[in-house]
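Residue numbering begins at 1 within each chain, and the chains themselves are lettered A, B, C and D in the order written.
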Amino acid sequence: MFFSSDNAAPAAPEVMAALAAANEGYTSSYGADDIMDRVRARMRDIFEAPEAAVYLVSTGTTANALALSILARPWQAVFCHRHAHAEEDECGAPEFYTGGAKLITLGGADAKIDATELRTRGAETGQLGVHNIQRGALTITNVNELGSVYTVAEIKELCRIARNLGMGTHLDGARFANALVSLNCSPAEMTWKSGVDVVSFGGTKNGLMGVEAVVIFDPEKAWEFELRRKRGGHLFSKHRYLSAQMDAYLKDGLWLRLARQANAMGARLEAELGHVDGFRMVHPRHANMLFCGFPQAGHKRAQDAGAMYYPWPNKAPSGGSEVFLTCRLVTSWCTTTEEVDRFVAAVRG
Amino acid sequence: MFFSSDNAAPAAPEVMAALAAANEGYTSSYGADDIMDRVRARMRDIFEAPEAAVYLVSTGTTANALALSILARPWQAVFCHRHAHAEEDECGAPEFYTGGAKLITLGGADAKIDATELRTRGAETGQLGVHNIQRGALTITNVNELGSVYTVAEIKELCRIARNLGMGTHLDGARFANALVSLNCSPAEMTWKSGVDVVSFGGTKNGLMGVEAVVIFDPEKAWEFELRRKRGGHLFSKHRYLSAQMDAYLKDGLWLRLARQANAMGARLEAELGHVDGFRMVHPRHANMLFCGFPQAGHKRAQDAGAMYYPWPNKAPSGGSEVFLTCRLVTSWCTTTEEVDRFVAAVRG
Amino acid sequence: MFFSSDNAAPAAPEVMAALAAANEGYTSSYGADDIMDRVRARMRDIFEAPEAAVYLVSTGTTANALALSILARPWQAVFCHRHAHAEEDECGAPEFYTGGAKLITLGGADAKIDATELRTRGAETGQLGVHNIQRGALTITNVNELGSVYTVAEIKELCRIARNLGMGTHLDGARFANALVSLNCSPAEMTWKSGVDVVSFGGTKNGLMGVEAVVIFDPEKAWEFELRRKRGGHLFSKHRYLSAQMDAYLKDGLWLRLARQANAMGARLEAELGHVDGFRMVHPRHANMLFCGFPQAGHKRAQDAGAMYYPWPNKAPSGGSEVFLTCRLVTSWCTTTEEVDRFVAAVRG
Amino acid sequence: MFFSSDNAAPAAPEVMAALAAANEGYTSSYGADDIMDRVRARMRDIFEAPEAAVYLVSTGTTANALALSILARPWQAVFCHRHAHAEEDECGAPEFYTGGAKLITLGGADAKIDATELRTRGAETGQLGVHNIQRGALTITNVNELGSVYTVAEIKELCRIARNLGMGTHLDGARFANALVSLNCSPAEMTWKSGVDVVSFGGTKNGLMGVEAVVIFDPEKAWEFELRRKRGGHLFSKHRYLSAQMDAYLKDGLWLRLARQANAMGARLEAELGHVDGFRMVHPRHANMLFCGFPQAGHKRAQDAGAMYYPWPNKAPSGGSEVFLTCRLVTSWCTTTEEVDRFVAAVRG
């Protein structure tokens, strides 16, 4: 009964098998391995973007920070939701990689950026010429930090506003697959067809050991990205082990299968907990994350039964003596029906 | 017959087994996994340094750049050999992580820093007060970039000079195990007992997929390191997969066994090539890297037979039409006697 | 009738005379001039701080950014009001000089930081360990950006909160003299006795050509400041011309006389405009800045009569065709009674 | 008898008069003053470059660092002579402003970059793709740090090499006027007609209080420069005082008259010292700096007579007890024949 985070789940068996298969003999370093050629081809195919530049890094923070560094200069602003991972959970990595760009935080229900606020704050920014931080980039997250999924229409609107303000858009897709499965659209629709310029395409939270892709639709930015990646220490000599994971992930739709399982378990949690007295959703669930509340006694019973998850919004790990009512529950590709049902039973008592 | 680099070799079977074993169930993220506790204990034991802070990152460039960032401030100098990896092969990662420190490059035969030059350049640096870059840190590499190994006495002398100049010392041990086996001393003797403050303890070139440890003997620097690591995007959520590799590496002396094999194959190469007419060593071989020359016809035959290695010093990959006489040959943990002998036979014709 | 900004006024005659007097023969460079010795002594005397380090720079942005750079590390937060000059008008200079620290903006009426919000946001910051930006420093402005002056009690409270959160405090005193005259307290009371660690002590807006002092009460920070100043290009070779200006400014209380005149003219403006129908203050006036409103016809007449000032809050320069009701009026050391009265007469019609 | 540096001389009377004249009434801030319009026009005229962007800053370090920041990206190299001011005397300002670019130092007699070495090192740089620092910019100094002046032909050659390597060229003209007078060519010939892209056009060492221009021949770079200048704290609110100095400097050829006097005094020093037994030039003198040697007794007598200058190369100030033979002597716009003759008489005894 583990609902703390999808980043604590193991790697999928197909991924382990691919790693073992890749571990034969000598191979070219630094991304010149044959498997990476396959990854590039698969990714361009999936995104219907034959010109896209595709790179692998090993953490989501890196993917985001490097992506932003090619979209915003040091004297520019990056607009994000105030609950964005880039703002709250990366210890300033975007500032570090951009050379000191300013994150301007916006509000909006359920961690979705309010379009009007983006328009207003964007218009104000840089208005006084050289004295001000200039407009740089927009970054949105899908699935976002409060478990909501931007619709394609919402993405389009935000990207259009950004474009009108002279800015490019980054999509933090640490849970890209979960969002896609939830939206039931194509990767292209969720990204470049809606105006997204650079994507962090997560794998780690959905069955990989630690691999994220960065997909850049404008290949003009590719060389700068490569230099920044190397300079950041994120170019792997034994790159084949990243390639192999991503290759297995993309092969035969594994990434979608894993995400569907995670989302289905999220839906089941929501449905089953719905029968608990006093249960309520704090934010709508669109994928594999629930923000919800139920009576304290239920939390007590769940924890006594060994359930692991975080109270929310204070984020301290559960299991202590503190009293709380609302929490975050995250399912993953390896969450089982049995696990969900056992948890709900414990909560119910 | 692959002698291009030890970073193109696969991972050792023990490492693959450890990864598979670690891939069970949920576990704590970000280095709070149980396996990492074991790694810390093993490392402190190996270094006879019970207070040492131990961290894992995934590339050598990262290990070096982060290590230097806690030793040198932005307005300080990092003294290194002009052939240091930090100077020549990291695309400015040390400058990036330190916030703009200046690498001052020194000469010295066989890529070993000349002690007198360090003393002189060190004394000059910062002499004019605020107008000058100040003294910051020394970094040395063992095994170094031209295949030589600093003796313990040499390390001691350089560290003493650095200390007298008010500087700490970093040791780039991308091939730490190969150097240690070559010196036949203890890890403590090669490092803190000789005055080294921070070590990049490599694993990737010696049988891991992509894991390096950073060992910091003064725990006061640890928290800053952790923040810089996170900010650089180098803190892994699924940290267990780094832990498992390093744990297997340190267990039962695997790291030393692998390095002994690599070094032994280097020695065999040197001995057997010694019988080739016109063969000569360009730099002394101390571990698993040879810089040597032999007649062009030998290169032609080796390449025709499928041998892979780099000409040196121009570094362009072999196999093209260019004419060269001297080259770099690197053996690894998985180089076999048969491979060496087949190569020498090809060279001989 | 010029009320656009105090930074558009000329230099005081005493300052010009001091520059002429300093322009004799050769003198030591880079702050080693005799006049600077006098400046240091005067400043320490004024602040009752015999150990304080005193430096001169030429812009307020520089004073602020350098001051913050010695209080906050790259991975830390600087707490400021959302209308702080450091946040809104320095094009990211604090981010540049600190190496990427994050400015966390707070609310509070009349551009004074709300103490409760500081306490709450401060407590939240860094709560999640390494994943978060850490606490760094607090910066407050006196006179602040909306013309209000923090009382000594208010400064004490904010500094105490900052100290309890482990942070130092910077005071942006671009209009230090105006604030001091308004508070009628001692420089020490307004700063270190209330918990301020570093002060930007402005001169430019109050009769100098372009000189600001930075006063650092803890001399341990002085050397780092000197290196950062040089590295930023802010160490003047012909330093005597900065020294001479600041020396004249501090001599015989010139700085206070100039500020008293500016504040008195601000008070007169407020009093006289008070008789205008429809006049209202938007923020309280404590020194030499008014944020106020009056009917459009009055603006029209004032502009027709040649008055210069900015509408507020939109900040576009006046004189255009746009319609506005509220404005910012700034008086300076050289504003005259006649100028004020003529302006009020024009507004009245 | 002051020969320590031209940056210790006072400002020219014409400059003081211009400052006084500018000190009337209110004027627009931040470079929008009328005097700056005149400066721009004069500078474009002088350089025969009607499109050039012209900016004023207050120190030479700033001019250089900002100029380099628009020519080189963080992962690129700036090629300079190993005695360049940017390398030796700016405490890392170029690294700071470029965001961590690497200064690659070159040799060459008399502090003139050796063209062959530039070609070789330039060709090597970036050869290994992403692993290496990339080529960025060349910076040369005229008059250089050892008193030599590059000829127009030499500038052309170095700029051509840089251009062929894909790099722009910056000219550090802290002593631009002294070089120009020495070469007797036009400003355009010494700069853009020879391939220079950006010029630091010094005024401080030649009669101003602290003003340097940056002249950018490609106006596409102008906006980035403006943002970087502001962000560095180098945009002056009371800009008119910089404008007034530079305006007076350029008016009626004052800048050339001042430089001619300085150079003439340098020539006189060389000629008269030439009659001293044991006198020798260490580097050729082309403008207003001599690097020369004469017997210790002569130094003793000169210092006893109150002469001020630095021994060279160790740079410690004279007047102490140390023994030296070679020294640096710098003349300025206000050095007189009498001063020179008195010095030579003292040396002779």
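Just a few scattered comments:
Just so we're on the same page, a residue touches a chain if its C-beta (ideal position, glycine included) is under 8 Å from a C-beta of that chain, and two chains touch if they have at least 3 such contacts.
Bear in mind the structure is a predicted one, so any value in this text is a computation, not a measurement.
In terms of C-beta pairs in contact, the better-connected of the chain pairs B-C and A-B is A-B.
When subunit C is laid over subunit D using CA atoms, the rotation angle comes to 180 degrees (nearest 5). Remark: subunit A and subunit B have CA centroids separated by 34 Å (rounded to whole angstrom).
One simple way to say how far apart two chains are is to compare their mean CA positions; for subunit A and subunit C this gives 42 Å.
Between subunit B and subunit C, the centres computed from C-alpha atoms are 51 Å apart.
Contacts with at least two other chains are made by residues 74-75, 90-92, 96, 99, 130-131, 134, 227, 230-231, 235 of subunit B.
If you check the complex, the residues on subunit D that touch subunit A are 30, 74-75, 99, 130-131, 134, 226-231, 235. By the touch criterion stated above, subunit D contacts subunit B in their complex at residues 74-75, 88-92, 95-96, 99-103, 127-128, 130-134, 315. The touching residues of subunit C, when paired with subunit D in their complex, are 2, 4-5, 7-11, 16, 19-20, 23-29, 57-62, 65-66, 90-93, 96-97, 204-205, 209-210, 227, 230-238, 241, 308.
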